[in-house]
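When the chains are written out, they are named A, B, C, D and E in that same order, and each has its own residue count from 1.
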Amino acid sequence: MFGTFYTSQDVVSSALSGALLATFATAALCFVGLSWTNEKWRVPLGIVGVAALVSALGYTGATALWLTAAKASAGMRFSGWFTIHPLQVAAVYFFANAVGKVPAGVFWRMTAAALLMVFSRYLGDAGFFDPTLGALLSIGFWLYILGEMYFGAMPDVLRKSSRAVRLGFFWIRLIMTIGWAIYPILHFVDVVIGAGQASGVVALYTLFDLINLITPSLIVLAVAGQERY
Amino acid sequence: MFGTFYTSQDVVSSALSGALLATFATAALCFVGLSWTNEKWRVPLGIVGVAALVSALGYTGATALWLTAAKASAGMRFSGWFTIHPLQVAAVYFFANAVGKVPAGVFWRMTAAALLMVFSRYLGDAGFFDPTLGALLSIGFWLYILGEMYFGAMPDVLRKSSRAVRLGFFWIRLIMTIGWAIYPILHFVDVVIGAGQASGVVALYTLFDLINLITPSLIVLAVAGQERY
Amino acid sequence: MFGTFYTSQDVVSSALSGALLATFATAALCFVGLSWTNEKWRVPLGIVGVAALVSALGYTGATALWLTAAKASAGMRFSGWFTIHPLQVAAVYFFANAVGKVPAGVFWRMTAAALLMVFSRYLGDAGFFDPTLGALLSIGFWLYILGEMYFGAMPDVLRKSSRAVRLGFFWIRLIMTIGWAIYPILHFVDVVIGAGQASGVVALYTLFDLINLITPSLIVLAVAGQERY
Amino acid sequence: MFGTFYTSQDVVSSALSGALLATFATAALCFVGLSWTNEKWRVPLGIVGVAALVSALGYTGATALWLTAAKASAGMRFSGWFTIHPLQVAAVYFFANAVGKVPAGVFWRMTAAALLMVFSRYLGDAGFFDPTLGALLSIGFWLYILGEMYFGAMPDVLRKSSRAVRLGFFWIRLIMTIGWAIYPILHFVDVVIGAGQASGVVALYTLFDLINLITPSLIVLAVAGQERY
Amino acid sequence: MFGTFYTSQDVVSSALSGALLATFATAALCFVGLSWTNEKWRVPLGIVGVAALVSALGYTGATALWLTAAKASAGMRFSGWFTIHPLQVAAVYFFANAVGKVPAGVFWRMTAAALLMVFSRYLGDAGFFDPTLGALLSIGFWLYILGEMYFGAMPDVLRKSSRAVRLGFFWIRLIMTIGWAIYPILHFVDVVIGAGQASGVVALYTLFDLINLITPSLIVLAVAGQERY
């Protein structure tokens, strides 16, 4: 097996190290962007940049684990998700807050829901309770976050904003609706069904991590760039 | 045992690498925040950012030790505490000093107490004198710090400040009252009783490190963000 | 063989670690340059700087792989190309956009073509379909990007700009026409003919990577420096 | 012996990794401080920050050597001292120069003396000549530096400055008088007497490195912070 | 031999890790200096800072190679020289260009000569042609660079500048005349005579690398600092 190790045929190492470089580039772009954007967009832009950087660090660990032990593990991903998902949800709040006042309670409820969403899936995976229950609970918290984004105070505030901001929010919300569905689905395949971290599971996780993390970050960067004046 | 290594079932590696990424994200947020906050908040914000970065470095070492030697050690934590605890206490002083003049003597006494607090626990753990004595001494220095925060010059200065600042100080003080209680308690469990660095001890240490370090840092960041104008 | 390891006779390690240092220096120069250039040039300059930094990270991995396992692999290069080529194409768009409005559709089409160009070559190399087909598809996407640069909206916008900008664009386009031809050519030698990653292939890949990456970055930096006032 | 490795009982690893984190935190504080201090204090503050960062890098190497080979070496310390001691002496010159013109000749003589001070001790330790002679020569150069600080042009310039500056200079000079005495003393114990790098020697070296490096850096930071307006 | 490993008696490891820390400190000082110097000096200062940083990275690799394999290699040095020497020559051009217009052709000819100077020596060392021929060719390119600096457009421009600038240029040129002579000399000793990378050769290379790299960088920093107003 070492014969194809780290060649293009080894899809896992390509996926992991490709994700490492892509998320790192996203973080670098966001941080460079901090210097040329309007002050009010710096909070959401800084947060998505930090989320991308944390993701790059996480993929550094995952790549090292794969190259030294030929092993992929959901444990590695959870380490990052505990930080990344709350940061992403917080970025959405501050994105809306940049164009109009959104109650601080929305922030607390959404961030808490994001933490609980990751935590309930983790407790199931770690064997503290039934993994199916963990997955179902995490779906509940995820739906709560989506509820805040579709029917809460944020869409009201955004209705009065410019076209670029509304379009950006629309796409970010869509990605968090469709793209985030991969986490419970793959959780069922990996943990509940028991397929484990097969190559296809790792590649799919990585692909959707890229879509779910890089696209919203670049949307925030693009909106901040257009709303400069 | 290597079978569950770095999976979700391996709670220690999840706790350590999760803490590494979370403290790193906190540090990055604080440093990004330095560019958009008012000049007078930069001192406490810079200090909590450095404390979080030092913690991330310490957890990098602890994670590496766990993954290569399947070993957790209080020695690793002490290396960080020598720097982190004095920095956190100094940040509280400069937080109060940002809204009104606090005598410099408070700073010297509190920072010295924080250094001695860690040092007396360390000397007990390293076997220079009885670990129970070390724990008791460290409790004394901790109570002294709390005394300064409850009855010293700082609460007087803060009484005249805005609601956000007072609320922030209230929560930071509460965390240092309740959250910091974990250090002598786990020290008793680990060293005095002799349970050693069991998985539960490591996980609890890490969980409270996260609460004790990340929450006050984010509170300083949030207060600095609200007091921008 | 270890006798000549990492001496000048070992052309591969010289090429890889030389490329690592050269791309890192390029990234550092671009980032230092961000502080002294005009605001409108910061977007393309930031992007080429990030592309060079990602390349330096990729070469760090490739150097480590060569020194520990005496192995070179196209898989390592693909990890970087997925991020670097779209970034470079995006930098060309923002370079033109800095002197006049270029439709956003050009950006989307060119970046997508760059991603597909790398992806089709990767799928061929990884064995998902015939490598010759992958190479031919990638040539098609490359020609599309060149078409946008020669006959699209960008040359129109640039015609009205200063001499330095036009000269810079001319050279960048020339490099992307002649220099990028090395990728399908070496892909045929490496994968289709099956020569593998021989020393000559690695050295040629690296040499052209340097030309294709460093020269356009320095051109953007030089143009941004001259158009300061 | 591996049983106590990296626990609190292993005083050397606690000292080395504690020093690594503490000097790193000092460097980070100085660099964060650069953004909020008056322009004229940036030169000494930048220099002490770089000295602390170099020290952190040196301790990274020393910690790695101890953890992999259970070995401590003065060679590791010399690598850092060659850079750190001249930087510290240069910082004292620029500290005085910030409040009044000090002749450039003082800078050249003091920096050269600092380089020769480290070099003569190194040549003795490396066996190029008698270690006692090296230690005596290094004491001579050290006394010369102290002479410049007590009777040279710097105290004259500082006499006219504010109380905070004078107090800062007083303490820095005191540390360089008393704290730096540890280097020839431990050199005698380590090399001349031949005790080698025993645990006590390493711990003492590290403790005084911390006092000699961190305290003056923080004094410069504190003075620069007070003289902001 | 492991007995003296990384002690002061092991001159090579002291030289390599000392050079690593010293060049890193130089780079850090130059980058810190970027924030307090006049805009027109930022280009040469940024370039010497990047050259020093690349050198520090190169010495990191060389130190690691020595500590793991007890081996020193000219290949490692060439990796850095390909980037460092052209950067240093470019810095001289921009140093002169900061005080008066120097034709761009001088830049192109000097940078190309610096690249060819390193490349011809490398091709000789790697065995592509006779090492004596490579050394002689590299001496020719070096003399060409010196010719530009003594009799070209740069001395004319500098004649009208301030005393500090002229003095700085005088010293940088002297270092490039005398200090750079070490490269062909040691190349003859190492490759042509065949002494290889003996301890003395490594120590001499490192010592002159320090003089040739750190001194001109600090001169640029000092000139930029004096010409602030």
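As a working rule, contacts are C-beta pairs under 8 Å (C-beta built on N, C-alpha and C of every residue); 3 or more make two chains touch, one makes a residue touch a chain.
No experiment lies behind these values; they were computed from the predicted model shown.
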Chain hops separating chain C from chain B, counting only touching neighbours: 2
Length of the line joining the C-alpha centres of chain C and chain E, rounded to whole Å: 28
Computed distance of Cα centres, chain D from chain C, in Å: 45
Residues of chain E engaged with two or more neighbouring chains: none
Ordered ring members, chain A first, chain B second: A, B, D, E, C
Chain A-facing residues of chain C, complex: 31, 34, 39, 42-43, 46-47, 49-51, 53-54, 57-58, 61, 65, 71, 73-76, 78-80, 82-83, 87, 122, 125-127
Of chain C, residues touching chain E in the complex: 6-11, 13-14, 17-18, 20-22, 24-25, 28-29, 32-33, 35-36, 225
